[in-house]
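Consider the two complexes below, in which chain A is the common component and chain B and chain C are the respective partners.
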Partner chain A sequence: MDALSMGLVAAMGALATVAGASEDIESDIGSQSNPNSQVQLAAQVGNPHRIYNKAISGEPPANALWATTAAVVAYTLITKFAMPALFAIAIGASVAALFNGVFSTSAYFGRSASQRRFNQWIYLDIVRYTTTSIMAHAWITAFCITCIAYIQTAILTPHHPFPMPVIALIWGLTVGAIGSSVGDIHYGGEREFQWRLFGQGLNTMLSGQIVRKAEAGLRNSIDNAWFCTKLGGPLTGLGFGLTVFLDNWRTTVFDPVTQAGLAIGMGLFFVIIMNLYNFYVETSIRKKYGPYPGYKGDIAA
Partner chain B sequence: MNFDALTIVYILEIVVGGLMVGIGVHFVPVGGAPAAMAQATGIGTGTVQLAAGSGLTGLLAAGLMMSVTDNIWPILASGAVGAMIMMDATMLTGGWIYAYAVGAPFASAKVNYDPITGYSQPPYVAPGTVGQGIPTVCYVSGTIGALMGGIGGAMIYYPLMMTNHNPSLSALFAIGIFLVNAVLASWNIQGTIEGFHDPKFKRWPKAFRSCLVATLILALVAVTITGGA
Partner chain C sequence: MTVGGGAGGAPSAIDPKKLRVYGLAGALVGIYLAAILNSVLGTDIFSILAAAGAVAAAVMGANAVRRVCGYGIGTGVPSIGMLALGMGIVGASFGLSTAEQLGISMAGVIIALVYAMVFGYIVGAIANKVMGFNIPIMEEGLTDLSGAGAMAIIGWSYAVSGSLAYADMVTKVFNTGYLAIIFICGGLAILHPFNANLGPDEKQDRTLVNGLMVGSLATVAVGLCSLATLSTTAALITIVIGAAAWYYFYVWYYRLVKRDAAAVVGTGLLPPSAL
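So, the complex of A and B:
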């Protein structure tokens, strides 16, 4: 272990945290992924809305596409045109953001147009100012992930044997999986449905009854991003940051050639700690919140 | 290429890796879209996506380990640990959202008592839902699933790398074989499962058989590709 490697691992962790947060907010502004099922349903149950609707695909393949596109462009510029890495990655991320813009716009038009029979309108003002916000967040995600891939393949020792685009593909899939598992709950479980009892998930009877009014005027996707930035985004960043940092920390602090056992043992230690921490969270919230008042079964709380 | 005894061993390793992925997916507690609205127990995403996210993080760790050693054991272990770290970090931070943003206690709707902690579940299931959050049994099950997925991914990567000595080719083929098995298992559990305590878990023999056939065909193709390296 040397100071440079440790600094690089810390930088990767920081980049991953930013990438995770921007990935989740990108999906919240665009209303991609799982909670979008409710946005889709809303118009069908008589609630046309002004929420952006771009379920291009699941978040992992979508983000894998943005990150890989950025990495392929950056890799080409670095290797064939000897461009400085930072500029090359920035250009790569810009190309990825353009791809994202094309997909987002066509997804919004396609999905909204297909719901014409439910009186769902296409709002051109929404397209104009929301699409650029989505693209900006996709740019940040693609930039950070490509930076991580570059650090892993070109600077951090031992260099990773996979080429930069493959690493970007895998981290893109991973950040999408984490964003879809963590941040989406804040959007779907909390933001979309705010006029129901607090402290429980969505009752099936309320499916499609999403909140359509904002603090002022009608709610749009930028309002949702404002809310989800408070917790869903940062926690997604924390999840992805933990994954990248802890996984690389153990192989940087312990030499994988001579101390492979220690590197693996340290990883197992992290896993056990996280299992125990989840048990602590479960126990503490059971005590704090207690059982649901309406429960009429035989099993004691 | 020579189709010798070593090649048969490589094929068997790929098949075992594929089966580990296929069975491992059954352990991962995924609630799909309903879980994203805290309407079902488990992680709020798709089976394949989460399994791929964790298994491929393991593949990155295994690939790094294989660049410095040819010994299979540290490679498998590193893959398993990488996958478990990703899965646990995801479940932990996801659990924080259920606990501190939605404000719902973790509860499984498939069992009356958590088999590990003994905590009662039905009184904590919100009305109109089928559980929420990630109770300890689901968390442990998810960790086991990631362990199997990580080992599986590394076990597919190792023989491919020994055959063609090309990390990028091996990685992409390993990702492909991984996804085929994850999708087959996902069909078997029809999208959502809570973990090894879920009644759906008993369906694993079907996934075992289909993954066996699929991976065997893929393994036969994979070992014949010797790459340009």
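So, the complex of A and C:
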């Protein structure tokens, strides 16, 4: 372990925190992933809306695409044209953001057009101002993840044996998975159904009954971004940042070849500590807020 | 992802058998034409033809996704697209490396296609019989998807490597990591069309034009990669033709969206019926 490596690991953690936050907000602006089910259902149960319907795929493949696109472009520019890394990564992220725009708009157009019988209109003003916000957040995610991949493959010693685009693909899948499981709940569980009692769960009869009206006028996806920036985005960032930082910290402090046992043991230690902490959080929340009104006891399966 | 339901039986104007022939024949012709013209004329500028073949295969794959997922697999659309490319990579690697071992690298594409389709059929049979999906066209759909995945991988890989030799694929596509973008962008070309158009009023032509659009975008991405592996002329040809095709199909797609949508408005409140 040397000071430079530790500094790089810290920088990777910071980049990952930013990437996680922007990833979650990007998916929330477009209502991707889990909350998308309800946005899609809303029109079908008679609630057409002015919310973006960015059904690209699950978040992991979509973010893998942005990150990989940025990484291949940056890798090409660095290896073939000897361009400075930061500049090359910025260009790569811009290409990724353009790709993101194509996928986002085609999904919004397609999904809305396929709900003709439910009278779901396509609003071009939404396409204009929401797509650019989505693309901007995708740019940040792609930039940060490609920087992490570059640090791992070119600066951090020992260099990672995988090529940079493959590392970016893996981190893209990871950030998507974390955003999908951490941040989406904040949007899908609370923002879409904010007038339901906390902890009630989503009754089947409420499917599609999402909040469509805002404090003034109709709710749009930028309003959702404002809400998710408060908690969902930062928490996703924290989750992804910790994943990247702790995972690389243990292989930087302990040599992965000569001290493999210690590195694995430290990984197991982190997993156990996090599980204990999760258990504590859940039980303390149940104690503070439960039992929920309307709870009639466990129903036998 | 969504639980919004599929196209319920997926009525189609273009017969899937016809599309299968177009897709597979297009892919084989594209890849072989590129390989033959490149080697006969001693150049690499015809690599774009292989990418065009890959787009044909991806469109056929998109139609297979549409047919299988039309039975109500909403959240499974992205998964089945990834599965297609996963099976395709196995088929492509097997075909190309076997052909190289036998000293007939030109036959690699055919071996890959046959192997991938058999592999897909087995995966489909397992999905239906063991896992109990009970979707009547599962075996047929996964056979198509696996074949389409293998052709997409080989076509776009050729557009990066400029050679069908397995050793070239390893150095130029696998070791550089360019396979990652071929995998994920190719996967999206197969899964995105139906996923983006999911809903009760989905139309086959709109879905397939979306497939052509995303396939062209993947060609642009592959062209950007080939800047590092092929001559600049060949790479620029791939990028420019890919971008032009993308623009053409995007405009076409938007035209079909306007045709099919309830209304396309500049701005406005909710429809009067919903206020």
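Criterion: the second predicted complex is superposed on the first by the 293 of 301 C-alpha atoms of A that agree within 3 Å, B and C clash if a C-alpha of one lies under 4 Å from a C-alpha of the other, contacts with A are read in each partner's own complex, and residues count from 1 in each chain.
Basically, a residue touches a chain if its C-beta (ideal position, glycine included) is under 8 Å from a C-beta of that chain, and two chains touch if they have at least 3 such contacts.
What you see is a predicted model, and the numbers here were worked out from it, not measured in a lab.
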{"item": "Touched partner set for A:Ser37, first chain B, second chain C, both or neither", "value": "both"}
{"item": "Chain B versus chain C as contact partner of A:Val166, first or second or both or neither", "value": "both"}
{"item": "First, second, both or neither for A:Thr132, with chain B first and chain C second", "value": "neither"}
{"item": "Chain A residues touched - chain C or chain B, whichever exceeds", "value": "B"}
{"item": "First (chain B), second (chain C), both or neither touched by A:Gln194", "value": "neither"}
{"item": "Partner chain in contact with A:Asp247 - chain B first, chain C second, else both or neither", "value": "first"}
{"item": "Touching partner for A:Gly46 - first (chain B), second (chain C), both, neither", "value": "second"}
{"item": "Partner chain in contact with A:Thr157 - chain B first, chain C second, else both or neither", "value": "neither"}
{"item": "Which superposed partner A:Ala55 touches (first chain B, second chain C, both, neither)", "value": "second"}
{"item": "Contact residues common to both interfaces of chain A (with chain B and with chain C)", "value": "33-34, 37, 58, 61, 162-163, 166-167, 169"}
{"item": "Parts of chain A lying in touch with chain C, wherever the complex brings them together", "value": "33-34, 36-37, 40-41, 44, 46-50, 55-58, 61, 64-65, 68-69, 71-73, 75-76, 79-80, 95, 99, 102-103, 106-107, 109-125, 162-169, 212, 218"}
{"item": "For the chain A and chain B complex, residues of the former touching the latter", "value": "33-35, 37-38, 58-61, 158-163, 166-167, 169-171, 173-174, 176-178, 180-190, 192-193, 198-206, 231-232, 235-236, 238-240, 242-243, 246-247, 250-251, 256-257, 260-261, 263-264, 267-268, 270-271, 274-275, 277-279, 281-283, 285-286, 289, 291-292, 294-295, 297, 299-301"}
{"item": "List of chain C residues in touch with chain A within their complex", "value": "1-5, 75, 77-79, 81-82, 175-181, 183-185, 187-188, 191-192, 195-203, 206-207, 210, 213-214, 217, 221, 224-225, 227-228, 246, 250, 253-254, 256-257, 260-271, 273-274"}
{"item": "Of chain B, residues touching chain A in the complex", "value": "32-33, 35-40, 43-46, 49-50, 52-54, 56-57, 59-61, 63-69, 74, 77-78, 81-82, 84-86, 88-106, 112-113, 117, 119-129, 132-136, 139-140, 143, 167-168, 171-172, 175"}
